[in-house]
Structure formats: structure tokens, C-alpha cells
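Before I ask anything, here is the structure I am working with.
For clarity, chains are labelled A, B, C and D in written order, and residue numbers in each chain start from 1.
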Amino acid sequence: MIGVGMNLEQFANFIHDYAQRLEALKDTLNELDNRIGDGDHGTNMARGFHTAQQQLQAKSPEDLGAACNVVAMALLGSVGGASGPLYGTIFMKLGGALKNLAQADIEQLIEGLQAAKTGIIERGKAQFGDKTMLDVWEPTLEYVTAHSCDEELLQAVMVARIAALETRDRVAKKGRAAYLGPRSAGTCDPGSVSSGLFFEVLISAWRGGVETIPWETLVL
Amino acid sequence: MIGVGMNLEQFANFIHDYAQRLEALKDTLNELDNRIGDGDHGTNMARGFHTAQQQLQAKSPEDLGAACNVVAMALLGSVGGASGPLYGTIFMKLGGALKNLAQADIEQLIEGLQAAKTGIIERGKAQFGDKTMLDVWEPTLEYVTAHSCDEELLQAVMVARIAALETRDRVAKKGRAAYLGPRSAGTCDPGSVSSGLFFEVLISAWRGGVETIPWETLVL
Amino acid sequence: MKKLINDVTLYVNEMLDGLVAAVPSLQRLEGTQVIVRSELSEKVGLVSGGGSGHEPAHAGFVGKGMLDGAVAGEVFTSPTPDQVFEAIKAVNQGKGVLLIIKNYTGDVMNFEMAAEMARAEGIDVEQVVVSDDVAVENSTYTVGRRGIAGTVFVHKVAGAAAEAGLSLQEVQRVASKVVDSVRSMGMALTPCTVPASGKPSFELADDEVEIGIGIHGEPGIERRSIQSSAETVDYLLEKIIADMKVSADDEVAIMVNGMGATPLSELFIINHHVAEMTKANSLHVYRTLVGEYMTSLEMSGFSLSVLKLDEELKTYLDAPSAAPAWTQTEG
Amino acid sequence: MKKLINDVTLYVNEMLDGLVAAVPSLQRLEGTQVIVRSELSEKVGLVSGGGSGHEPAHAGFVGKGMLDGAVAGEVFTSPTPDQVFEAIKAVNQGKGVLLIIKNYTGDVMNFEMAAEMARAEGIDVEQVVVSDDVAVENSTYTVGRRGIAGTVFVHKVAGAAAEAGLSLQEVQRVASKVVDSVRSMGMALTPCTVPASGKPSFELADDEVEIGIGIHGEPGIERRSIQSSAETVDYLLEKIIADMKVSADDEVAIMVNGMGATPLSELFIINHHVAEMTKANSLHVYRTLVGEYMTSLEMSGFSLSVLKLDEELKTYLDAPSAAPAWTQTEG
């Protein structure tokens, strides 16, 4: 199955599955955010992607770019907090790259994800190592860009997973956890975990065959 | 030792001992008041009689009437709550009966206590059985009036003790506990316990030989 | 006991000094626990008070258009007669003084003794006793109802009447009208801890609440499982309205009073349903107060008060007041 | 979780409706979580906001002389850009709009996106970002300090400046001056519980406190044993003053802000010592606010804010405001 990619249906499945997994992981993400932030990251993400999925169903957009925009607007309008503008930006940038496409091949997808990552940096001004979701996006995208053939792609999920878990020992430099200073070390960054899950579900929608990561037991 | 009575020194000892015993019983009285009132009866009484004792020492009044008035004013000025005016009235009435006396015999004392009881009723408008300190004053004075010879007097302590404990099962009709309705049953009335202690310490100052009542274990 | 205090015996003293340090329009009578207006007007004087622990009551309601003096007792303990007497003397401008007393044995006895002292010195003193709490049965065999948050309406209306220049008897008449027209009831999610005792006033399981509480940490008349905000409002409001002579199209004022630890957001959620239910009962809500007016230290819970209005009460309720704890919301 | 609520998903919605039901001078923009003044004046518009759970902030500071609009997010979650945009459009009177933002990544990003939307529609929008919390180290490597209770001083002063007819740039200048001149720090005795999560934001032993907390139930920078009220004040005040350029005889305004569950009596006890210590530091306290201004649901604790004043700031601080949560104490 060379030329793996994504069509509208797969994208809708991706959003649907991500929303469901977020709902299931809500308490865990809240608990992580409780320890080093304000305890709402799970609630925020679940609310946002529930809305996104509903809007996607209601509006049935005609191409991937439009679908991404529907998701972006849903997130911007329902999440708030730090994750709202950040995940909103991700889908806005992705939408720009996938404009008018009914189907995207892997290069197009990676290009879109690169634009999304740049968007995160522009919005949040974080660097790799600041204990934010960028700590997952940076290495995962680097890997995907270098290893975009099908078999290797599966490994990207493992890269994202490790990257999310590696945020545990870091001291936060950006976001709410940064106020804790050294006390922020010892807990995985909630946004990194939701981003790790993002890549898990995304790659599963791309090509299938991804084993479900037991985030709850790994991060708590 | 016929003709038992009380002189100024004995009165001062009475106030001193009562203040000390109240301080020791403070938490117990607070706990009783906590269950059916607002939890301050111990604090109120300890504060009041501590002040009374200090004022008595500072002013060294010349006769029993004046001494009672010093105590009354100290209580009125430092207790507040329901017990302030009530115990204040008790000593004001007692002072009226013992006016200009350096020493009082048992009849004079009983007369003074009768006046004090009438004062409680006038101020508080309670009846016997309303679960107030009157539930102790009423039977104890009745007993003392009928059995004022020395040996029998000792028994008055037992009457007061039983009277205080018998308030436990009553439903309060006056005072803060009355607001609880049926829920006020099951706890001894704190003011009745402080009045029971009053008679114990008073009679001990009169004639000695009174065994210390373990109020704490009896009422909790 | 987890509190931001220093010495429990200095609790009231430091609180009163901290209050007058913040509010220049108030002063503390030296050597007393009495707070009076820095500038008194020539009118009938108004004195209220009670135990401490109900802040902003009572000193927070001292100011032009409300009280002239407030007497603070120890925490949850009514003040002593000599203190009340000092307050009466300080605010008396020759036109007499009205005492606004909440119906508790201690408060009534101590204030009445003070009134006797004042009258003995030739000061004209009258009193009203507030008894708005419908949780407590009112019968000749009992002590009568407690006075709770509805008292603040008495302060406001009587204060405006006095400011308007009414005589002592007239101010007393207006105050009594408020007493007759206001009903309240409260509930608690948690107890509170009196500093001097250091122990919670009662114990509640995680799913239990006390209904019909007083304002001194006393247990209520009933312990129940916690219900939703709306169900709780229904329960209290029904008891309150059943006890009032209100009929369709009557105008009322509402007070949603926090007991100390309830977030203002929850009080607004409560008021959301109160507004719906008063509407459903065809009552016109003329004015609503939401906030902390008569608290029980750090107790979590609230009370509802409903005041039936007429034109006279509306006028006095609307009149401006400079008391720091009175919030004037523009109509 | 013991709360007087109905449906957690309706928390903010019911709160906002309950608020406007009580305060006739405020209205809710239909279909939004935006509260605006019922009557707007022709002047620079002022919009603030943030997550809910800080009541009376921010809607309680909407009124003549303070804010024109406040945007409420979910509990402790900054509002979304579209909501802020609605507020900007509603209060804009052609003279531009100033956004008063507390320094949190989320708040800054969401308000800035809204500003971009508004500018795209030709509305003049400026912003100030409040960062008064000295608990957090300020360096170029970090996100900078948090905005906490000192924000209320910015609302007040900027509001008065706008009411006085100043231009957008001038109002921004005055607001920035307050941002530069105000420092705060807070502490908690207990955590709070966000309704949607249902769990306490942290756990503390009976003798522990968190020092240097934010206003979202976040843990602070340090956990310590509980100390007396006075010792706690000393600790916070020292950090605050060390960070300010104040010298002897400077005039300051003080805010003793309750986090939600701290009895007002304790806040006054705190202020008693604050008054002593400012005096000992030769600072002149021009005005003191004691109460709940910027809360964290039912958290117990407080924050201290010190604002260094000059003649301009004094004038605007003194100007009257009709915002329901602003307490005007007569001088």
C-alpha cells in the first residue's frame, strides 16, 4: 500500500476517533494539568473536538481544506485557553496546505503538518524543550519527514509517544506550568500527551495498523 | 460544724475555684454547645469568671454584697451571649441579698440563691423542663431549702448533678438549642452543666468535703 | 483549624482595627468594640450588632443612609450591655435611638439591659427584634424565630427612614413593617470553625447538607442528601413563600446571601433559578441583592430572603447609602 | 465535589443569566458569554475578561467608570476569540477599544486573535497585559509574570481615564502606568475544585499552605507550614515591596483580596497588620480595598496588591464608578 494518504472519509474518521479518545482520556489529561496547571486540558480538548466532530457532520465540507477549516473554527470557538488557539492554528494551517484537495498524499500531509508546527511556534513562541506540545511536534515531524514510507510511518507513533513521555522530567518554560518553576518537573505535559494521541490517531487514520497506546497507565 | 456559712475569703475561693474548673471544663462545655448550640458556652464562661476573679482580686471589696456586685459587673461586661446576662443577674441578685454582710449564714445564702433563681426566670422567661440552666437551679434550690442542715447539704451536689444530666433527654424550648427542635434531645444542656458545676464548687466552698464530679466523662 | 489569624483572643480587636484602617468613614470608639460613623447626622440614631463572624455585618452596614453604630461581640457571642450602651450614647443626637436586634436570647437580653441603662440616663430608646427565619417554628411556646440575613433589609430601610428625618416612633414603625414583611431560610454545605473552640461546628458527610441553619454554625433543623442548586432553591423558596402573605403581582426584593465560602458564581446560579421561580409565582422582583451580607465565618452555603414591598419600603430601599457593604445597583 | 450547581456544562450560562437578573445596569449579549453595560457612553471602550470562577471579576467591574464589557470563558479557561470579538464590536463607539488582558498564554493568544479580527474590520484596538504577580520570576526566558488581582486597579484607573474622555492611546498609557506600578502576591490555605473536573486542584495537609499561587487553583511556587496572619503578611509584603521602586513617603493603594472562602473578618485581621507594616516602611496608604475582587472559586487564602500612586493615578482611582463590585469608600 504505497502512496498511503488520506481522503475526506478518513479525515472525518480521524476527527471522530480523536474526539472519542479524548473523551476517554479526559480525566487523565485533567489530572496531569491539575498537577502542573489548572486542571482543564482534558475538558478543553474533549469539548473542542466534540464540537468539531459535530460541525463536521453538520456542514459536510467538500474537500480536505474546507474540512480542516470547519475543525479550526469549531476549536477556536469552543476551546479557549492555550490549547484552543494552538489546536485551532494547527487545523487552520493544515487547511491551507490541503486547500481544494479531496484526497491528500503523504507529501501533502507532511507539508500541512509542517505548516501547522510553524503555526504553533508563531502563536506560542515556544522552543523545543520548553515542555509544551511542541516537544512532541518537533521530533515527530522530523521523523516523519525523514521516514515517510509506509512501514516507517508506523514508527512515528512510537516517536510521538516517547516524546510525550520525555516531557515528564523537564522544567516548563512556557505555558501555565512555567509558573511552577522546578516544581513542574515530574509530570508529563498535558498538551504533549494530547498531541501524542493526535499523532497516534492521525497515523491510524492514514494507514491503520496502529496499536492503541495505553496513555493513561503510561503518563500517570 | 452547725451554722455552716460563707465569709469573704470563702467567696473569693469559690470564684477562684469555679474559674479554674470552668477553664478545665471549657472544651467539654464548648463541645456540648457545639452539638446543640453555637459552641461557645465554655469559652464564654471561662472568659467571664477569669475576668471576675481578676476584678475581685484587684478591687478587694469589703463585704459579700460588694463582692457579688464586682463579679456581676465583670460577667456582664465580659461574657455576652445568653449566659452573660443570666450569670450576671445571678450575682446581682445574690449581692442584693448579701448586702453589707462580711459573712453569711446558710439561711441568708439560700435566700440569695432564691432571689438569683427568680432573676433567671425574669430575664430568661424559661420554665423548668425547657432544657436551660433553670432545670438545675429549680430542683437544687428546692432541695437545699428543704434540707439545709449540714450533712444533707452535701446531697445537694448530687441533686444538681442529676438535674444537669437529666437535661440530656429533653427537647429544648428556650435558648439557641430550641431552634433544633427534636434534634436537641440527646445532649446535656451546656448551661445546666455549668450550673451543676456552680453548685458543686459553691457547696464545696461552704462546707468542704465535696467529691469532685467527673463532669467531662458524665456529660460527653 | 486553618485560619489566617494571630491570637484568637485578639480576633475581634484586630479585625475592628483592620476595618477602620480600610474605611475612613468609620471609626472605632476608643476602648470599645463599637464602630460608628465618623460623621454623624442630626437624626434618629440606629444601632445594631451581635456576635462577630458575620462580616460584613454589622459594621459594614454603618454609614450614611444605614446604621450609625454597630457593636461587635466575641465571635458568635452577643455583645455585652456596656458596649451596646456606649454605642447608644455615641450615636444619640437627642432624637432617640432605635436598636435593631436579631432574635436570639443572648442578643435580646444584652441589648435590653443596655436600653435600660440608656433610659436611666434619659435617652429615648426603642427596639425592633428581627425574626425572619422560617426554618424555625413560631409559637408562643418557643423562643420565636431567629433573625438572620433579612436583618440587612431592616438596616437599609430603617436607615433611609432615619436619614429622611422621621421620628423615632416613625422609624420604629417602618422598621417593624420590614420585620413583618421579610422571610428567610438558609442551608449549609459545610460547617464553620469558631476560632476559640478550634473545632468544626458540626460534621457532614460528602453528600449531606444541613437545611434550616442559623448564622452561628448551629446545625439546622434537618440533614438531607445534597440536591441540585435549583432543587435546593425550590425547597427553601416554597417554605418562605408559604409563610408570607404574598399574592400574584406583588413586588418583592430578593437577597441571595452567601454564608462565607460559597463562590459568587454559585450565588448567581442560585439567583438564576430564583428569578425563574419568582416569575413562575407571578411575583415581581423589584430589586435583587446577591453577595455576602450576613455570613457565618467560612461556612459554605446560602440563605434566601424575600421582602414584600410597598411604595414606602421601595422608596427607602432605593435611597442611596454610603455603608461600605451596601451595593447600590443602578435601576 | 460539594457545590450548589445544576449541570456543570451550564455553569457559566446560568451564572451569567443570574448576574444580569440581579444587576439591571448589565446586559448579556444574546447568544454570547459577553456582559456589557446596558447604557454605553461615547468614549474609548474597555474590554476585559478571562476564565470564569474569578467572580466578581470580570463582569462585576463592568459599569460607568470601569469596564464596558467583560468576556467570560469556561471556568479557569480563557474565552475564545469570537466571544472577545463580539465584546469589542459591542462596546466600540468609534473611539477604539482597549483590551485589558491578564498575562496567561491562553488569554493573550485568544485576545490577540480577537484584536486581529477587529482590526480587520477597521476597529482601532490596543491592549495592555497585566503581570503583577511577583511570585513568578520575570525574565526573557520565561513567559513573564502572571496577572492576578492587581488587574482590578487597571480596570478602575483605565475606566476612569476613558470616562474622562481620554483618547485610546492616552487610556493605554495610563493603563500601562498602572501595570508598571502594581505588584501582587497570593497564598492559599486550601485548593479549589473546578466543577468540570470535580477534583481539588491540589492537596494540602492540615498545617500546610501554598505560597505564590495563581488564580486558577494552580499550586504555588512553594509549600510551607502555616504561619500566623502577621508572619504571612510580612512574607508576601516583603517580596512585593522588594520588587517595587517605592521609597519613604510614597503613596500607595492597597488591596487585600480574598480568594473565595476566606472570611472577611480574617481579611480585616490581615489588613490590620498590612497597615502596621506599610507604616513601618514609611509608606502612606492612600486607599485600601479589602474584600473579594479576583477569586479562585471556593479557595481559601488571599493576595496582597500594592499600587504605587502619583497624582494622575489618585485622581482616576478616586473617580466614582457604578460597577457593582467596586466599593467606593468615602474619604
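What we mean here is this: a contact is a pair of C-beta atoms (placed from the backbone, for glycine too) under 8 Å apart; a residue touches a chain by one contact, two chains touch by 3 or more.
The structure presented is a predicted model; accordingly, all values stated were derived computationally and were not measured.
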Under the touch criterion given at the top, what is the topological distance in steps from chain A to chain B?
-> 3
Joint neighbours of chain D and chain C, given as chain labels | none
Longest centre-to-centre distance from chain C, chain (CA-based) = A
Which chains are joined by the largest number of contacting C-beta pairs?
-> C-D
Express in whole angstrom the distance between the two chain centres, defined as the mean CA positions of chain A and chain D.
-> 32
What whole-Å value do you get for the distance between chain A and chain C if each is reduced to the mean of its CA atoms?
-> 54
Chain D touches at least 2 other chains through residues 75
Considering every pair of chains, which are in touch?
-> A-D, B-C, C-D
Given the complex with chain D, which residues does chain C contribute to the contact?
-> 2-6, 11, 14-19, 21-25, 52-53, 55-56, 60, 63, 75, 189-190, 206-207, 209, 226, 228-230, 232, 256, 260-275, 285, 288-290, 292, 295, 297-298, 300-302, 322, 324-325, 327, 329-331
Listed in rising order, chain A residues that touch chain D in their complex are 27, 30-31, 34-40, 42-44, 47, 76-86, 123-124, 173-176, 178-181, 183
Where on chain C does chain B make contact in their complex?
-> 51, 73-82, 104-106, 109-110, 113, 135-137, 141-143, 146, 194, 196-197, 199, 201-202, 214, 216-219, 221
